[in-house]
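Shared chain: subunit A. Partners: subunit B in the first complex, subunit C in the second.
And then the complex of A and B:
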């Protein structure tokens, strides 16, 4: 993981910050340089809702090498209270107990660790409540 | 008239627990003897994707949500810990970003074993009182390692707590604070060592009890108060027995200290320990109640505080994600999963 990339994307990963178009009101996440709907560059930061519900989910048992320590884990498609859909891990819950429609809130977790001496990448995951 | 005191607080405890029986089984020890010695039934264990930073962020966010103020108004942020994720790279920087308080901000990580966060609170009180900042956030977060088979393995838990200090919307006014510090080698960890070492029998009398008693007496003498003036009291909780005993030594009743004892279920949360106790008391307190707290940090020192609860307290007590929420949210794990989560298996 490159420090510049970790640094540049921290507000998205930590705070769920995307953007909102000041011309057409379209909200998007992750951040882009222009509006995905009307291509306007007249955009501002937008903070995602911190709570939502599970639309779909699945268990990952064969993850990429950087996530192997955390497997098996659950990944879900979440509809946030503001209507925006994001994907993220669902933690602190057994796969058998997770249900569609369950309420979740954002939590702050380790996403991956480079190696013994590398950077720790933190970001949001979701926890049912 | 503006007061100086606690404006908000937040806590976090990871959901995994390992029972004393499960650890005792691995080492062939008698769980009932250990449980009666320590009065601890289980301890909290962080999940594989949790560390001191993530727990500090959760506690800080709960303090922010309970407060409902603007994080940009925070002028100082300190994280006290003895088990930080980075040896060099302040936890406080990551917490600041994660609560959207980056920018004009004083920040540092502090270390004074289990009392680093109360030391941070004292710094925040000083900065607010001198009007150098409007609000200061002091966090204690630890995920401590107990060497396998060491007595500490039964109690070394994990948790975090965050206290917001200021002079507006104060829920508990600071009446005074008093500290003692001596060079007492009861517990230490050298740079690069994975597990801490301790002086076994040396940890009780000259360390925990002497410092806790001296700081508590020092503050009550200075304020002209006595144990009976306080509704509640709390202390550092390395186990449940020590705070009960030191309360008795000082003349506090069991009823004054008991509501703050979270160690039975979650173990010793190190720098979060006494402040999780204080959070429990604030959740129960009423207008006019006086609360006394003394932390203890190995090495060694104690910080005592005297607070009086204000009429703002009800505003913050309804917050859903409080200490009880996290203490009651639990999943019991066995020693194998515990070893994996703690990174013993690689």
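And then the complex of A and C:
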């Protein structure tokens, strides 16, 4: 796990910050230094909607090394209320009870813990409500 | 495109599987040596080599080409190309361009991967994390399998695709693979076994994905000029069209989950260059790393209408010598999937089929063959079209 990388991405991962173009209104996540649509550098930070719905989901029973601690878990494709889509885990819910279209809210959780260094990577996950 | 054509003039392939006795450069050297012998060219006439590989090896030597070339006693410039699971096809495309550009007359394409060294749980999943959006999919917990599971569910929802239809893909491919001596799994598997298997990422069952393994495959390419000067070369399979295209890396940035637009775009480029349509293709080697991969492929490549690849497969239209023979080699599912080697192995199969040397898995109409190799969940696709008799026209 690379501390500088975690630090660099902290506003996106911890606060859900993307950016919005002041010229064409295009919203994007993750952040970029210029608008993906019109290439303008006239952009400002934009906070993602805290709620959204599940577009698609499945269960992960064979995760990568750093996520084995949480296995099995649910992963989903989430459409936030502002139209931006992200991938994230669906937590505090049984897999069999999760349905497409279910409303979810963003929550702040541990994503993974480095086994050797003990470093913790935090980020957003989603809870159905 | 220029009138200069590029020809496959030789090939070599190792057995695919868990080859614990061989390291990556030994596998690559074995396939390269076989290909040089097969092509009947003096090895000093090969001017350069392109290596396709995702991770190459556990000994942290990404410049695998250097040790392979030394093992073959060659001293030529080498380039390593990485495009995830499609690294082999990506290397092939660069070699193709290097000849079309007029810089080289004779080049080698080497696809190789050595994956059986990674025995710890979760390591391959991490390696495959580099083929999806590492930051915003993989680090959030997604795996390649879980993303393919969502693609499968999307197809089931939109087109009513059933688990039986999905399972008919690996059933067919295992049936073909029985006759492929290079394949890792040379046995048929009953549809019930697929349906009864535990779900590893619902609706993907334990036996559905292609298995990662070790292997190397090589093709030697030459220009029209080289062919004219060496007309006694016994293998002369022209590349009629070749295309590559990309799509967003993450599924959450896609407009549709029921198509790989990179495949459609790459195929369109290849069809236009070849002056052919999907109907002309007799057989194809497509990326069936998951059952939905082959169903998407046969739709996106234009063999069947969108949403009908499921029924077509179940009805047997893609079986050996049916409407179109899809994956006569057994595909990634039966042959095994050493990532970088797969794209080149697909081309080796096309060439062997066109030479009529594939025994019981031989397709009867072998004039036009197509390959499709995909990176991750379709972030890149490579499509090639070959023609057996074009050289005589």
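One rule holds in what follows: the second predicted complex is superposed on the first by the 127 of 129 C-alpha atoms of A that agree within 3 Å, B and C clash if a C-alpha of one lies under 4 Å from a C-alpha of the other, contacts with A are read in each partner's own complex, and residues count from 1 in each chain.
To be clear about the criterion, a residue touches a chain if its C-beta (ideal position, glycine included) is under 8 Å from a C-beta of that chain, and two chains touch if they have at least 3 such contacts.
The structure presented is a predicted model; accordingly, all values stated were derived computationally and were not measured.
After the subunit A overlay, clash or fit between subunit B and subunit C?
Overlaying the two structures gives subunit B and subunit C room side by side.
Looking at A:88 after the superposition, I want to know if it touches subunit B, subunit C, both of them or none. Which is it: first, second, both, neither?
second
Who contacts more of subunit A, subunit B or subunit C?
Subunit A has more residues touched by C than by the other partner.
According to the stated criteria, A:10 is in contact with first (subunit B), second (subunit C), both, or neither; which is it?
So A:10 only meets subunit B here.
Just to be sure I read the superposition right, which of the two partners does A:62 touch: subunit B = first, subunit C = second, or both, or neither?
After superposition on chain A, A:62 lies in contact with subunit C alone.
Is A:52 touching anything from subunit B or subunit C once the two structures are fitted on A? First, second, both or neither.
Once the two structures are laid over each other on A, A:52 reaches no partner at all.
A:18 in the overlay: touching subunit B, subunit C, both, or neither? Say first, second, both or neither.
Neither subunit B nor subunit C is touched by A:18.
Once the structures are superposed on A, label A:30 by its partner contacts, choosing first (subunit B), second (subunit C), both or neither.
second
After the superposition on A, what does A:70 contact: first (subunit B), second (subunit C), both or neither?
After superposing on A, A:70 lies in contact with both subunit B and subunit C.
Taking the superposed arrangement, what is the smallest distance in Å from a C-alpha atom of subunit B to one of subunit C?
12
Return the residues of subunit A at which the contacts from subunit B and from subunit C coincide.
Touching subunit B and subunit C on subunit A: residues 70, 111.
Which bits of subunit B are touching subunit A when the two form their complex?
Touch residues, subunit B against subunit A: 15, 47-51, 53-54, 57-58, 61, 85-86, 94, 97-98, 100, 329, 331.
In the complex of these two chains, what residues of subunit A are touching subunit C?
So the residues of subunit A touching subunit C come out as 9, 30, 56-68, 70, 73, 75, 77-78, 85-89, 95, 100, 111-112, 121, 123.
Taking the complex as given, what residues does subunit C use to touch subunit A?
120-123, 125-126, 129, 133, 135-143, 145-146, 149-150, 153-154, 157, 199-204, 250-253, 257
Under the touch definition given earlier, write down the residues of subunit A that touch subunit B in their complex.
Against subunit B, subunit A makes touches at 10-11, 14-15, 69-70, 91-92, 107-111, 120, 122, 125.
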